[in-house]
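In structure tokens below, several structures.
Each of the two complexes below includes chain A, the first together with chain B, the second together with chain C.
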Partner chain A sequence: MSPVFYLISAMTVAGGLAAVLLKNTVHCALALTVAFAGLALLFLQLDAQFAGFAQILVYIGAVAILVVFAILLTRGSETPKDGVYSRNWPIGLVIAAAVFSVLGWAVLQSARVLPNETAVPKVTVLDIGNALVGRYVLPLEIVALLLTAATIGAVIVALHEKEGAK
Partner chain B sequence: MTPLTGYLLVAALLFAIGLAGALTRRNAILVLIGIELMLNAANLNLIAFWRYGPHPEALTGMMFAIFSIAVAAAEAAVGLGLVISIHRHAHTTDLDNMNRMKG
Partner chain C sequence: MIVWMDQFFVLLRNWLVGFLPVSLQGFAGVLLSVVTIVLLFPALFALAVWLERKGLGRMQNRLGPNRVGPFGLLQPIADGIKSLTKEDIVPLSADAPVHFLAPVVLVVAVFMGFAVLPMGRNMVLVDMDAGLLFYFAMGASTELAVFMAGWSSRNKYSLLGAMRAVAQMISYEVVLLLSSVAVVMISGSLSLTKIVEAQNHYTWGLPHWYIFTPWGLAGFIMYAIAATAETNRSPFDLPEGESELVAGYHTEYSGFKFALFFLGEYLAMFSISGLGSTLFLGGWSAPFSFLTWVPSWIWFFSKLMLSVFVFIWMRGTLPRLRQDQLMNFAWKFVLPFTLLNLMVTALWRFMGEGWERWVVCSAILVVVYVVMARVSLYKEHIRPRRYRYAD
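The block that comes next holds the complex of A and B.
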């Protein structure tokens, strides 16, 4: 475990914590961007260059911007009077803590049998492209259809209703 | 501790943080942010298993992560569109006040 891994992990987890804990919604979106950037760096640490740059493009470039747009369009940056946490937040916290303990316990218990290949995988973007249009061409087409449908659907859902339609 | 264990623990922690955010926040957009964090934690697991598992040249984990990123982007677009539409209709994004399905 290199110090770089600990640094990036700390940044990612801090970004995630800030994204769910801060009061101002715009600050949450910015913290979320930090967490996404940390995840992209972790992908690069794992020698997955393509996934890392796709993460930067898709999450920091599109999803984070979309979240900021939604916050500003819904005037969500105003902190509500009765707090930012739901009425039954202790239950949610207990569930999350339980899930983390179970996951952590499972990971630590199975540490001996987990694979540990040290050789760096020699995978280029050319290999990924060949796999995408070769073996994985059907999932690729389905994802293309899904993205088209999602784009049209999102536009229709968020479209202004006509005056007098109510 | 092997590197894979470290990555899996970080992913578990991120997943728990996202789950806590999705379950405890009132604002619908913040709930979506929590869900995005959980999806990203799952992606980290996929990539980590791809890197440290046998046969990385088969690209299975990598492909899974790439498709997962694409589906998560579609989910974010539709989810935020729904939030904007609900806000226009009910003038709130507070989930504690959204307690009826009738418009």
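The block that comes next holds the complex of A and C.
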């Protein structure tokens, strides 16, 4: 646990907290981007280049933009002065805590289940590529098919309705 | 002597670093390279601005800058001093922190891209295993900076410009990525130094650049279109269309913050040209085998400046697209053709050496291009025009 790790984690947690607590919705989205960037840096610090860069490319380059677009293109993007807080936030807190504890439990258990993994694994981008089109080609194809179906569905939803087809 | 010239900057860095204690040498070497990049490209920016104003002036039959220094060469310095001394105006209703951060984020993200570009033999700052991925990750981050600038200004022109810019950049980024994937499929590596080395061979004195293959030529053209749109250059400069949007997302920026946006735009142009020449034009390798004695960095920067000149040339030549034309062009023509190019590349990879693959791959690309162009022209009802008033 180096000081760099603590700096990055502080940044990530601060970004996440700001995303929840800030009043302006666009500020929240930007704070969420900071949290994404912090996560990417954590991946890079663990020497996982592919995961880190994919995190930046997908989350900062696409998901954050999508969130921002969704905020601006839907009605009521002008937020009230005192912010938007759901009345049942304690339930959300309980669910978040439950998810966090399950994940934390799973991570802590992994040391007992896999006792022989002592050395840091050396995984290059080439290995990930080979695994994706070799051993995991079926899941990859299924995900690709699912995404294609989703894209076609989105196009059909967005299509102009023909005259007299109502 | 040839090796000495070729490796001049590497040797210079090592010589300078040699004065320091061993424990500091690694850090100092990196620092020196970073400082060089941060100084060199803004200098090139000044030169490119002069070239653009002069070149555009000539194309439009006027002189361009000609008062400051010989041939107006010192004009960029005068402009720099002017923008430094100007008042920095932030609109009263603007979101001050985001307004301040936007140009900073943009310039930082653009500068990061230069870290993985091989500018000569052994002249790359970080030789990353996933260099191409890093480059695109940094390129994707600039979109957010553009949005931040447009939204925080609280100006309808800024916001409209930013929305246009982001929509355009997202659409063409897909093409940019997919056209580069073809190169990765053939070279088998995401590392930019390895991609250059894979092209650095010669047959009959001619180089094995990827642009000299059917899929490479098609990929390069698609890459060039996407690169022009990514950098918001004419004919894809709708986000800054001054007749519609004043200045687009940087309408409310003045003084040095505006200069930072200007710098960011040109640096993005340099880095995307550098990536294009690395992927398709052989990076730092010489165009003929008898010219390999010329230092590698000269070739890299020549290719970069040539691309910049083509950007300027297009700006002086082509009219601006309409927003719907822009989107239709991206999604209905460029993207399908790039996807087809991926399949042709795979075919090329598995057909093995020989003349058959040249014929088959070229035939597929040409036939599909002609059919797609004819069909879309037919759908748009574009026919040869006949003017009757002079009959």
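Rule of thumb we're sticking to: the second predicted complex is superposed on the first by the 115 of 166 C-alpha atoms of A that agree within 3 Å, B and C clash if a C-alpha of one lies under 4 Å from a C-alpha of the other, contacts with A are read in each partner's own complex, and residues count from 1 in each chain.
To be clear about the criterion, a residue touches a chain if its C-beta (ideal position, glycine included) is under 8 Å from a C-beta of that chain, and two chains touch if they have at least 3 such contacts.
Just so it is clear, the model here is predicted, and its values are computed rather than measured.
Chemist: Please indicate which partner A:137 is in contact with in the superposed arrangement: first for chain B, second for chain C, both, or neither.
Modeler: Neither chain B nor chain C is touched by A:137.
Chemist: Which partner does A:60 reach: the first (chain B), the second (chain C), both, or neither?
Modeler: After superposing on A, A:60 lies in contact with chain C but is clear of chain B.
Chemist: After superposing on the shared chain, does chain C or chain B touch more chain A residues?
Modeler: Ranking chain B and chain C by residues of chain A touched puts B first.
Chemist: Of the partners chain B and chain C, which touch A:114 in the superposed model: first, second, both, neither?
Modeler: first
Chemist: In the superposed arrangement, which partner chain does A:28 touch: chain B (first), chain C (second), both, or neither?
Modeler: In the superposed model, A:28 contacts chain B only, not chain C.
Chemist: Given the touch rule stated above, what does A:154 touch, chain B (first), chain C (second), both, or neither?
Modeler: After superposing on A, A:154 lies in contact with chain B but is clear of chain C.
Chemist: Let me test your reading of the model: by the given contact rule, A:145 touches which partner, first (chain B), second (chain C), both or neither?
Modeler: neither
Chemist: Does the superposition put A:42 against chain B (first), chain C (second), both, or neither?
Modeler: first
Chemist: Name the contact category of A:124: first (chain B only), second (chain C only), both, or neither.
Modeler: In the superposition, A:124 touches chain C alone.
Chemist: Counting only touches as set out at the top, which of chain B and chain C does A:50 meet: first, second, both, neither?
Modeler: After superposing on A, A:50 lies in contact with both chain B and chain C.
Chemist: Considering only the contact definition stated at the top, list the common interface residues of chain A for chain B and chain C.
Modeler: 50, 54, 62, 69
Chemist: For a test of understanding, state which residues of chain C touch chain A in their complex under the given definition.
Modeler: Checking each residue of chain C against chain A gives 95, 98, 128-130, 133-134, 136-141, 143-144, 147-148, 151, 159, 163, 166, 170, 173, 189-190.
Chemist: State the interface residues of chain A toward chain C in the complex, per the touch definition above.
Modeler: 26-27, 30, 33, 49-50, 53-54, 56-57, 60-62, 64-65, 68-69, 72, 124-126
Chemist: Help me check something: in the complex, which residues belonging to chain A touch chain B?
Modeler: Answer in residue numbers: 1, 5, 9, 12-13, 16-17, 19-20, 25, 28-29, 32, 35-36, 39, 42-43, 46-48, 50-51, 54-55, 58-59, 62-63, 66-67, 69-71, 73-74, 76, 80, 83-87, 89, 91-93, 95-97, 99-100, 103-104, 107-108, 111, 114-117, 121-123, 127-128, 131-132, 136, 139, 143, 146-147, 149-151, 153-155, 157-158, 160-161.
Chemist: Sort out for me which residues of chain B touch chain A in the complex.
Modeler: It is residues 1-10, 12-27, 29-30, 32-34, 36-37, 40, 43-44, 47-54, 56-57, 59, 62-63, 65-67, 69-78, 80-85, 87-88, 93-96 of chain B that touch chain A.
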